[in-house]
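Two complexes, one shared chain (chain A), two partners (chain B, chain C).
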Partner chain A sequence: MKLYDYILSPSCYKVRLMAALTGVKLELRPVDFHPGLEHRGLALLALNPAGSIPIIEDGDLILTESSAILVYLAAQAAPEWLAGTKPEEAARVQQWLSFSGRLTANLGGARLHEMLLRTGDIDALQAQGIAALRELEAGLVEQNLRGQRFLAADRPTVADIACFPYVALAPDGGVSLDPYPAIRLWSRALRSLHGFVEMPGIHRLHELKPEPTVEESKA
Partner chain B sequence: MHTLTTGPWTPVALSADLPVGTVIPARIPAGSIALWRSESGRLSASADRCPHRGMSLSHGFVRGENLSCIYHGWSYARSGKCVRIPAHPGLEPPEAIRAKTFAVEEAGGVIWVATDEAATTPPVLEGLMPLRSMTTSAGIAAIEAAAGAKATAEGLVVPAENADTLCLLLSARDDGQTLIHVLLKGETTADSRIAASRVAESLRRAAEDLQKKGIAA
Partner chain C sequence: MSIQAMIDEWYPVGIFAQLDEAGRNTMLMGEPIVVTKDGNARVTGRNGRSLPVKVRYGHVWTSLGEPKKDLFPIPEADQPGRRFVDVGVVRVRCSPLRAVENFLDIAHFPFVHTDILGAEPHTEVQNYKVEIREDVDEVWATQVKFYQPQAAKSASGGITTEYMYRVAAPTCTVLYKTCPPRPTEWDVITLFVQPLTEELCDVWPWMALFDDETSMTDLIHFQQTIFLQDRSILENQIPRLLPLDPGMEIPTRADMTSIAYRRWLKRHNYTYGAQLVAQ
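Here is the complex of A and B:
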C-alpha cells in the first residue's frame, strides 16, 4: 500500500498515525508539496484530479479522502477502530468525521496562511477555528460525562484520528489551545496510545519513556 | 471595572483537569504560570518561563516529582530549584538556578494560586461541585447581564433562570478574557450535568453577544 505523503501535512499524518496504531505497513512516496507543488502536476493529477494529498494506492484502488483512507486501514487491520453497531456510536463517528473536514478548512486554512503564506482571511479562519475548538471541547465534556473518553465511544475510533492532527497543530495557525482542558486530556489520551508516532509540531509524551541517561564526556 | 475580592487568590483550574503527572498553562495577575501535579499528587505553580532559555515550562512534562523543560530537559523541583541539567549529568545545579513559584491550594475541586506568599486561605465554596472550565471574550459585566444576576465579592454568579442548579465562578484576566468555572448545586445526574454544560455554553454565547454590542460595556 503506497501513501503519497508530505511530512508537514496533517492529513497525511492522519494516515501515517492510523497505520502505526493499527500495524499497517505503508510504502511512503514523498511528494514535493512545497515549494514544488508536485500535487498539482500532471502525474499526481492523473491519480487525484482534485490535486490534494494524501493519496493511497493499493492495487487498482485509489483513495484521496483522508477519512475514507482511515476507514480502509481500520477495516483491514483493526475493525475495533470503526463504529460499532450502536446507532448512536455509528452516527457519532460520522458526525466527527464530517466535522474533521471543517477543521481542515478553518484551522488548516489558518495554518497554511501562517506557515506557507497561503492567501485567505486570517481573522475569519481563526475565528472559525476557535468556534470549532469550542464545539469539540463541549462534545468531549459531554462524552466524559457519559463515561466515554473519546469522541464516539470509550475507545478511540477513526473519528478521533480524523480530528486530532489539525487540532493539535492549531497553534501553528495562531490559535491557542490553552482554553480547552477537555481537548488537552483527549490529546494526551491519544498520544498515550501504544504505537503513537509523531509529526513535526506534535510530539510524543516524553514522560512515558524512562529518563535518558548520558555519560558526562571526559573531553 | 469590577473588583472581585478573593484576596491574592485566583481560581486557575479545576482539579479534574490536572491529573497526576501532568502540567498545564494557567494565568494569574502576575502573569502566565505552569501548573503541575507530580506523580505522588503534589501540586505546584511556577512562572511559565524556564530560567535557562525562557521556554514555557507549561510545554514541558512531569516525570516523578519534577517538572522538566521541553527544550533542554532542565528539571525543577516543587520548590522551583533546578535539580537536573541533562547535558551535565555530573553537575549539581547551583542554588541560584530557580524557577519562581507561587502558593497553590486545592479546595472543593478548584485549584487556587496566590500572587504573593499569602497567610490567608482561598474562599470556601460550600455545596458546589465543579463541572467544567471555559474561557470567554466577555467581561464580567456582560456575563452578569447575560445571567441576569450580579457577581458576589468572590466572583460567584447564580444565573437567574438556573438558580437551583448552576453557579458560575468568574475570574477576570488581564487580557480582557474571563475564565468561568461552571459549578453545580445539589444532586445531579449525568443527564443534568450535560444539560448544565449546554446552559453554560448558551450563557457564554449571550454574554459575548452583549459584549460585542457594547451593551454591557
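Here is the complex of A and C:
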C-alpha cells in the first residue's frame, strides 16, 4: 500500500499513525508539498483532482479522503477501531469523522497561514478553530461522564485518529490548548497507545520511560 | 532595542528560483518590502525606494541600509559535486536571534530530535572550543562531537558526528558536520533568518551536501522535520526577546557557543530581537 506523504501534513500523519497503531505496512512516497507544490502538479492531480494529500494507492484502489483511508486501514487490520453495532456509537464515529473536516479547514488553515505563509483570513480561521476546540472539549467531557475516555467509545476509534492531529498541532497556528483539560487528557491517552508514532510538533511522552529506582533513605 | 547597528546587514527575503513577477510581499525589520523578479531580483522598500540586492546561496538578499561588507562567504557553495537544497520558508513567532541561538545548541538534540540527532542516554555534550575570530568577525565553535542515531539522510545507523558552528551575521548561521558518504568533506547546513519584527521571523534553511543517493524531496523533508521539531519549542521560549545581560539564566558548559554569540551581539550592539536589561 503506497501513501503519497508529506512529513508535515497532519492529514498524512493520520494515515501514518493509524498504520502504526494497527500494524499496517506503508510504502511512503514523499511529496514535495512545500516549497515545491508538487501536489498541484499534473502527476498528482491525475491521481487526485482535488489537489490534496494524502493519497493511498492499493492495487486498483485509490483513496484521497483521509477519513476513508482510516476506515480502510482499520477494516483491513484492526476492525476494533471501527464503530461497533450500537447505533449511538456508530453515529458518534460518523459525527466526529465529519467534524474532523472542519478541523482541517480552520485549525489546519491557521497552521498553514502561520507556518508556511499560505493565504487565508487568520482571525476567522483562529476563531473557528477555537469554536471547534470548545465543541470537542464539551464532547470529551460528556464522554467522560458516560465513563468513556475516547470520542465515540471507551476505546479509541478512527474518529479519535481523525481529530487528534489538527487539535494537537493547534498551537502551530497560534491557537492555544491551555484552556482545554479534557482535550489534554485525551491527547495524553492517545499518545500513550502502544505503537504511537510522533510527527514534528507532536512530541512523544518522554515520561513513559521506566520510573527511576529510588533508594530508601538511610537517615 | 536598536535597529541601527543591524540595518546595514544583508538579510534573506526569498528563494530566487520561486520568485515571479507577481512578487512576494513581506517585511524586513518592520518595514514592508516587495521582492519581485524581472529577469533579476528586485526589492522595493517603503515609498518605492529600491533596496540593494544580491542573489546568493539560492536566496535573494537585501538590506534596509548601506551594507559596508559583502555577503559572508560560503566557499562550499562553489564546490563541484555538492547538491544545493532550498528547504523552503518556515515562519516562527520568536526573536530572530533566538532562532539562531537554538540552531547553535547541541544539548537539546536527544530531547527534541529524539532518535534522529540524539537519543538518551547519550546526552553528554563533550568539551568543545569556542572563539570570536577577530579577522573575520565571526563566532566559531569547533571540535563539537555528539552521538547521533541518524545524523543525516545519508547516514545509516548511529555515528559520532563532528560539528563546527559559525555565526557569520547576526541572523545567519552555518553549520559544518560530518559528511557520511565523504569523510574528508563537511556537509554545510545553514539557517538564514529574515527578521520581520523583533518577535517574528521567516527562516530559510539551505544546504550544500554531498549526497548522490537521496532524492531532493527526502533531503528537504529531513531538514523540515528537524526544524519543525524546534519550532514549537522556539515559540514557547520566555522571555520572547533574547536576553544579552546575565540575569535569571544559568548557562552550563554546553552553552559556550550561545554565550559567545550573545557577547558578540552585545559588542556590536546587534540588539534587534534582544533584551538588554534582565527582567
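Just so we're on the same page, the second predicted complex is superposed on the first by the 209 of 219 C-alpha atoms of A that agree within 3 Å, B and C clash if a C-alpha of one lies under 4 Å from a C-alpha of the other, contacts with A are read in each partner's own complex, and residues count from 1 in each chain.
Simple rule for what comes next: a residue touches a chain if its C-beta (ideal position, glycine included) is under 8 Å from a C-beta of that chain, and two chains touch if they have at least 3 such contacts.
Bear in mind the structure is a predicted one, so any value in this text is a computation, not a measurement.
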{"item": "First (chain B), second (chain C), both or neither touched by A:193", "value": "neither"}
{"item": "First, second, both or neither for A:179, with chain B first and chain C second", "value": "first"}
{"item": "First (chain B), second (chain C), both or neither touched by A:68", "value": "neither"}
{"item": "Partner chain in contact with A:201 - chain B first, chain C second, else both or neither", "value": "second"}
{"item": "Touched partner set for A:142, first chain B, second chain C, both or neither", "value": "first"}
{"item": "First (chain B), second (chain C), both or neither touched by A:8", "value": "second"}
{"item": "Partner chain(s) touched by A:91 [first = chain B, second = chain C, both, neither]", "value": "neither"}
{"item": "Overlapping contact positions on chain A, where the chain C interface meets the chain B interface", "value": "203, 206"}
{"item": "Chain A partner contacts - residues on chain B that touch it in the complex", "value": "13-14, 17, 19, 21-22, 24-25, 61-63, 68, 70, 86-90, 132-135, 190, 193-194, 197-198, 201"}
{"item": "For the chain A and chain B complex, residues of the former touching the latter", "value": "134, 137-138, 141-142, 145-147, 178-179, 181-182, 184-185, 188, 203, 205-207, 211-216"}
{"item": "Residues of chain A touching chain C in the complex", "value": "6-8, 30-32, 34-36, 38, 114-117, 171-172, 174, 200-201, 203-204, 206, 209"}
{"item": "Interface residues, chain C side, partner chain A - complex", "value": "15, 18, 86-91, 93, 111-112, 114, 120, 202, 215-218, 220-221, 224-229, 231-232, 235"}
